[in-house]
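Please read through the structure below; I'll follow up with questions.
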Amino acid sequence: MTDVSGYATLDLERTRRRGYPEAVYCAGKSPAQVAGIAAALRERADLVTLFTRADAAHAEAILTALPDAHHDPIARLLVWPPTPPDPAGGPVVVLAAGTSDLPVAREAMLTARYLGRDTELIVDVGVAGLHRVLSHLDLIRRARAIVVAAGMDGALPGVVAGLVAAPVVAVPTSVGYGAAFEGLAALLTMLNACAPGVAVVNIDNGYGAGHLAAQIAAPVPQ
Amino acid sequence: MTDVSGYATLDLERTRRRGYPEAVYCAGKSPAQVAGIAAALRERADLVTLFTRADAAHAEAILTALPDAHHDPIARLLVWPPTPPDPAGGPVVVLAAGTSDLPVAREAMLTARYLGRDTELIVDVGVAGLHRVLSHLDLIRRARAIVVAAGMDGALPGVVAGLVAAPVVAVPTSVGYGAAFEGLAALLTMLNACAPGVAVVNIDNGYGAGHLAAQIAAPVPQ
Amino acid sequence: MTDVSGYATLDLERTRRRGYPEAVYCAGKSPAQVAGIAAALRERADLVTLFTRADAAHAEAILTALPDAHHDPIARLLVWPPTPPDPAGGPVVVLAAGTSDLPVAREAMLTARYLGRDTELIVDVGVAGLHRVLSHLDLIRRARAIVVAAGMDGALPGVVAGLVAAPVVAVPTSVGYGAAFEGLAALLTMLNACAPGVAVVNIDNGYGAGHLAAQIAAPVPQ
Amino acid sequence: MTDVSGYATLDLERTRRRGYPEAVYCAGKSPAQVAGIAAALRERADLVTLFTRADAAHAEAILTALPDAHHDPIARLLVWPPTPPDPAGGPVVVLAAGTSDLPVAREAMLTARYLGRDTELIVDVGVAGLHRVLSHLDLIRRARAIVVAAGMDGALPGVVAGLVAAPVVAVPTSVGYGAAFEGLAALLTMLNACAPGVAVVNIDNGYGAGHLAAQIAAPVPQ
Amino acid sequence: MTDVSGYATLDLERTRRRGYPEAVYCAGKSPAQVAGIAAALRERADLVTLFTRADAAHAEAILTALPDAHHDPIARLLVWPPTPPDPAGGPVVVLAAGTSDLPVAREAMLTARYLGRDTELIVDVGVAGLHRVLSHLDLIRRARAIVVAAGMDGALPGVVAGLVAAPVVAVPTSVGYGAAFEGLAALLTMLNACAPGVAVVNIDNGYGAGHLAAQIAAPVPQ
Amino acid sequence: MTDVSGYATLDLERTRRRGYPEAVYCAGKSPAQVAGIAAALRERADLVTLFTRADAAHAEAILTALPDAHHDPIARLLVWPPTPPDPAGGPVVVLAAGTSDLPVAREAMLTARYLGRDTELIVDVGVAGLHRVLSHLDLIRRARAIVVAAGMDGALPGVVAGLVAAPVVAVPTSVGYGAAFEGLAALLTMLNACAPGVAVVNIDNGYGAGHLAAQIAAPVPQ
Amino acid sequence: MTDVSGYATLDLERTRRRGYPEAVYCAGKSPAQVAGIAAALRERADLVTLFTRADAAHAEAILTALPDAHHDPIARLLVWPPTPPDPAGGPVVVLAAGTSDLPVAREAMLTARYLGRDTELIVDVGVAGLHRVLSHLDLIRRARAIVVAAGMDGALPGVVAGLVAAPVVAVPTSVGYGAAFEGLAALLTMLNACAPGVAVVNIDNGYGAGHLAAQIAAPVPQ
Amino acid sequence: MTDVSGYATLDLERTRRRGYPEAVYCAGKSPAQVAGIAAALRERADLVTLFTRADAAHAEAILTALPDAHHDPIARLLVWPPTPPDPAGGPVVVLAAGTSDLPVAREAMLTARYLGRDTELIVDVGVAGLHRVLSHLDLIRRARAIVVAAGMDGALPGVVAGLVAAPVVAVPTSVGYGAAFEGLAALLTMLNACAPGVAVVNIDNGYGAGHLAAQIAAPVPQ
């Protein structure tokens, strides 16, 4: 463990222990705190670190300390070192029900890619027009794990799970208004999906969905 | 208006005023009170009256006063006089996502029939197996109004609405457990349906759904 | 289907399939994304497209691509091509309980008009002064479908439904404060309306209400 | 203060201090505990005591100790001594929106009567048929305080308040199902009533409503 | 009724009908709309009108049309004509549990005063220091109606009601944080007050509380 | 650790580790499972074990295995061995706001006593009659820790905390109805208590409150 | 598809399509309906069918039609044919935080076993005594998928996920009382688990958890 | 009591009565009001006063009146006089589960210190990496009272309570997103902690947690 200026305790052995990178949750931390953490990581290029929920000020602070970090502003994600590992395990397919679900879907896709999986992203295939998702069925059925991000009624993961054999990681998004209640409606829909095979993560938690999908699709230890 | 023993005020002119039968909501009334209302109606065979949410004791009390009333125990519904009117207007198709949604779906179907519509009932066509609902699409597309009863994730009405031109009356049911929250999850799903054309009524309100569908499919006044 | 720059999949055959225009939900999309969609539509003047929940930046982006689009800033709605179709089917009457409900009511009215119905709008007729709504009863009773937008206690749709034979599409609005809970109180009131014949849509969903009313009042196929 | 067997502390001076009777809330107390309290009151016929929410076992226990107590099983209320005081102050009118609201409405009416007011009870006048409540307007307008008990949409108190000058005490009832959420929907409606002049008490709290109405309509001290 | 530019219907006969002034709820209306209403009132100085929930832009718009209107920025209230009527009926005492509850308490006090009552205001007397409220007991006991505004735990109204004979109008405020849930905690506390005699209005509804208190303390018609 | 028939793992070293007895939560366990655990404890009279939330069947099963266990049916508690330890540390005073809160208050008192504290119990001292709690102030002020059980508005702990220097452990109870929401209202009140010094435990958790009070009032290690 | 007496549509091709057995959700179906479904399956011993949430009456009805079905009353599960398939894929480890979580944990374990996985069950290892779960760490780390059933605070899955590389399927249970809100507290805890790698299913949904774990641990297609 | 300009009533005798300083809750007060209170305190350096939830404008206003007040911007706290008392009683240890919980943890630590306790602060020891909290166990076990601030799943207090004999004061924080519901998830987790010995305060209420811990760890009166 590495102590950072009295406000954070980095768990640098986590990669060894669990086999997956560390992630720094930026929301609620000041840019200065995030910069301090980034600086502490500079000597450890053997470790992959994701910075999640990074706003513009966080990103600027991180890029000052780690100038070559990969930054995806839509997904609010930075990763250092910037090159993802060579893919291993099975493919992860990420679906976004609508265009507005794209930030969450990209966060999931990038997380899975930096955890070492091959990924594909399919956008704007909500249940209001079933033919859209059905037209991608071949690609979806090749996945070892599927992530589905959906807001509003959150019905897409249950429909997809009824069509495939692989596990579906459902991410409710806060897209919608009124009785969407900031993603609560989609969350409840997914928890009650009639088709078995749907695993749910927190609202807007693209990072968690991508992480889980990468674990599911990990190479099987011999 | 007819006053019944100080506990009810019958609105016998409602049929004339709105063109639809009166309904007596039995829950919360004692069997004796319901019997009193039934007896007061005996002289008015020109009026159709539905008794909704009637348990066994209510039904027995009503049948004592109106022995030839039609009784559907699954739908917890009694109607007097027992013969439905000749159908007019467009057809109403009622879908039940699962077998457990049948009581609500039957209540909707019978209400629409006693309000004067032709009705069809399709059971066990939830989104976990899309081919089931797709196999009935021709029949569903002939409807002037569609009622869809669904519990758990409540996803069926939105999927159906994306496939047809007629309005879909969605009835969330209390079928499910845990995060279904007695029908709340299905209710929220339906309110947030991505496809336009979904009208929502109260949880388990088969009567209201059937009534609304009958109004939508009513003969257009010339 | 038309793919737009990897972030949207337009369903241009929807008009043919369902008989109603496509709608682009602008909230959660960037102005650049909305502009891309608008540009993709420029060659298809045979299709009516509504842009809903468009803020000022969305509107500017759309008007750059489609300069003659109709823009109603109160309803946050743009439509292209700008001329509504000739009216067909029955009339739709829209009521706003209070002045603050006007944006939602206008969105409903314009949607119904661009879907091909004759529309009327009546404002500020809440239940605190019953004589206000009663004075419009003749007009309301001529409607084939009625939309009622109301916030706060949301009591108006139930009162109206008790006075007419046509279906009432109730839209709860987020008008109010405290225990109005952003429209939740009005939503629950409408779902529990004592009078049958009330269909409920999502909070502030004027578009959905107008669409549903237009479907209900559509010309009956021969 | 009088101590009863270590489980209750009677506040026998309350009548003197506040000018109103003591009430014993029976729910959650055992019949034996209630009997003990009743026995302790036997010597104090100068004090009026109400026993509220008394089920059959409570009632039997109380009647053993105070055989001439007045018992209204519908309202689940017992009062001793049994004769109400001579009326003073202004009249209290109690409305029940539906027959199922009668237990709560009777509890309110009896409480107001035993606190010394003249009372009237009007039943089954919900907003689904406005003419019903309008036909009683003269009587309602003579009240110094009005109690309105309503479940489901809870819309009646707001409509009444818009028609009269006297304060309206609104009691939501747990009548209804589904999204009525055991009276929550009616409670929210009443808190958001568009017409000012609506005071709300707890769900099913007929006792509190009657007490409040009696205080409002109390003789004005000279 | 007077129609204002298609967005409002003024109910100018309300004073005659109910005996109380009209109120214009400014939130959700544009300054231009409020100005239009103010201008329409200019010719009717025989009517008292309150403008509630008026922010700075609303106030400026109103004062342009009615320059001598009384404006209380803390209470966000304007009144025209500016001089309150001569007091009649019984006194109304308003309590604010804490300094932060002052805006709501002032709105209640001013409303009651402009509806024709004598008023007193007592501030910062929460239950954390009981001696503070007990030191004002003589003044509080002289009231014909008492308004208590309290946020956080909302316990003050129940404590006061246990000490007096007059009705207590409880106004929960949104003061607090965390599990105060924007006033919901205080609202529930007040609805469950152990002492009878507590009437509850909407969260932050100082206007409604003052109106109700003024009705309760109104001169009794002979 | 001791394994019981594959359904429980007893943590018999807990007394040594934490210094407090083990507790067996009976709800959700079958009487046979509870009996098995009781039998496994028979050889370990050096350990105090509490059986909480034991219904009649649980109690019978436990008493068969441990016939001399102490059983308090009101508190639904059994303890073995039956003799409490000699008191040490400071006194714990337990208050029950109403008679209906007695089961929870007794559970707290007995837990504290079997954890080795002197205890006192005061009943029926709710805030509706402040003089009742004020009359016990001397006793309450002698406590090193105070437990206050209250349902309905849950206001008593905050009032007590404003009068004393010792910490107050507040236990919301499910006593009440309607908007008490099974103890939720009291819980929120206590979390928002204006006076500092209020610690809250779960609804109806008398065991947890007594345990916490015993820890607070524990003898200070030298 | 096979139609059963108008109340169910069996999807007998599902095993072929998705590779997993069909499940019949018994709750909400009458014993007669369940018996009808069981009888329809009798000729198809090539298909594995699970009957979930079967109470005693359901079980009796099923066993009449399929006398050799495997019945686990604790898990409320029946399976036919009764012999599970030979294990394939990786091992699934199921943890129950407490004894009361056993029914849900057994349902998960049996589902995974009948879907073809090797399974292990570990009971009573909640976070209140960390050493209990740490003592099983070797076994847990051998799993390809882990199911953790926990009620009350639901903290166990997050703690386990921080210790292992395999995905954790978290099942909140309705064990607990008060602010456990029938499993809602545990559900929220699990959705907010600080450690990534936690997938959540519906409250008490042991079937869904076991199904998902079996999919995750399935043999990787070559 | 000292009256400040009609908007506040200072309870300057509170220190004498309860033995603890007064606190001024700044949120909801204007800077001018807070400045007025600060000025009124200038003559009473014998009293310690905490200003909580002070934003930058509040802080500037206070520092103008009391220039040497201690100001901790992270904790949003000011104290005057600035020097904490000499420590007495037992030590208080404060844990922050993550860096984002630091503001609340610092508010707790500073409050306990200014109430006269020795304090220690440990940061970033959440349950996702158990070894982090276990490495501090010796220090934690020396505490007489422990404060644990945690957001998201809020699991840390229950884990700590299972490892120590001292009471744990749990402060849920609003850190997190989605189904964290602004701290509600952490609050429920803590109320349902499986280990006894957890006392819960309001979300983000570092002041209350520190105050309670200081009371628990106070010197025992002889």
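Going by the order they are written in, the chains are A, B, C, D, E, F, G and H; count residues from 1 in each one.
One rule holds in what follows: contacts are C-beta pairs under 8 Å (C-beta built on N, C-alpha and C of every residue); 3 or more make two chains touch, one makes a residue touch a chain.
What you see is a predicted model, and the numbers here were worked out from it, not measured in a lab.
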> To reach subunit E from subunit A by way of touching chains, what is the minimum number of steps?
Replying inline: 2
> Out of B-D, A-G or G-H, which pair touches the same way E-H does, with over half the contact pairs the same?
Replying inline: B-D
>> Suppose each chain is reduced to the average of its Cα coordinates; what separation in Å results between subunit B and subunit C?
In response: 26
>> Quick check: how many Å separate the C-alpha centres of subunit F and subunit G?
In response: 35
> Just how far, in Å, is the C-alpha centre of subunit D from the one of subunit C?
Replying inline: 44
>> If a residue has to touch 2 or more other chains to count, which residues of subunit F qualify?
In response: 98, 129, 162, 178-180, 184, 187, 191-192, 202-203
> Among all the chains shown, which pairs meet the touch rule set out at the top?
Replying inline: A-B, A-C, A-G, A-H, B-C, B-D, B-G, C-D, C-E, D-E, D-F, E-F, E-H, F-G, F-H, G-H
>> Applying the document's contact rule, which stretches of subunit G touch subunit B when the two form their complex?
In response: 1, 6-9, 11, 14, 25, 27-29, 33, 53, 172, 174, 182-184, 187, 202-205
>> Quick check: in the complex, which residue numbers of subunit H touch subunit F?
In response: 18-20, 23, 90, 144, 162, 164-167, 169, 187, 191-192, 196-203, 207-208, 211-212, 215-216, 218, 220
> Any idea which subunit G residues touch subunit F in the complex?
Replying inline: 98-100, 102, 123-125, 129, 131-132, 135, 151, 175, 177-180
> Once bound in the complex, which stretches of subunit H touch subunit G?
Replying inline: 97-98, 126-130, 152-155, 158-159, 161-163, 176, 178-181, 184-186, 188-195
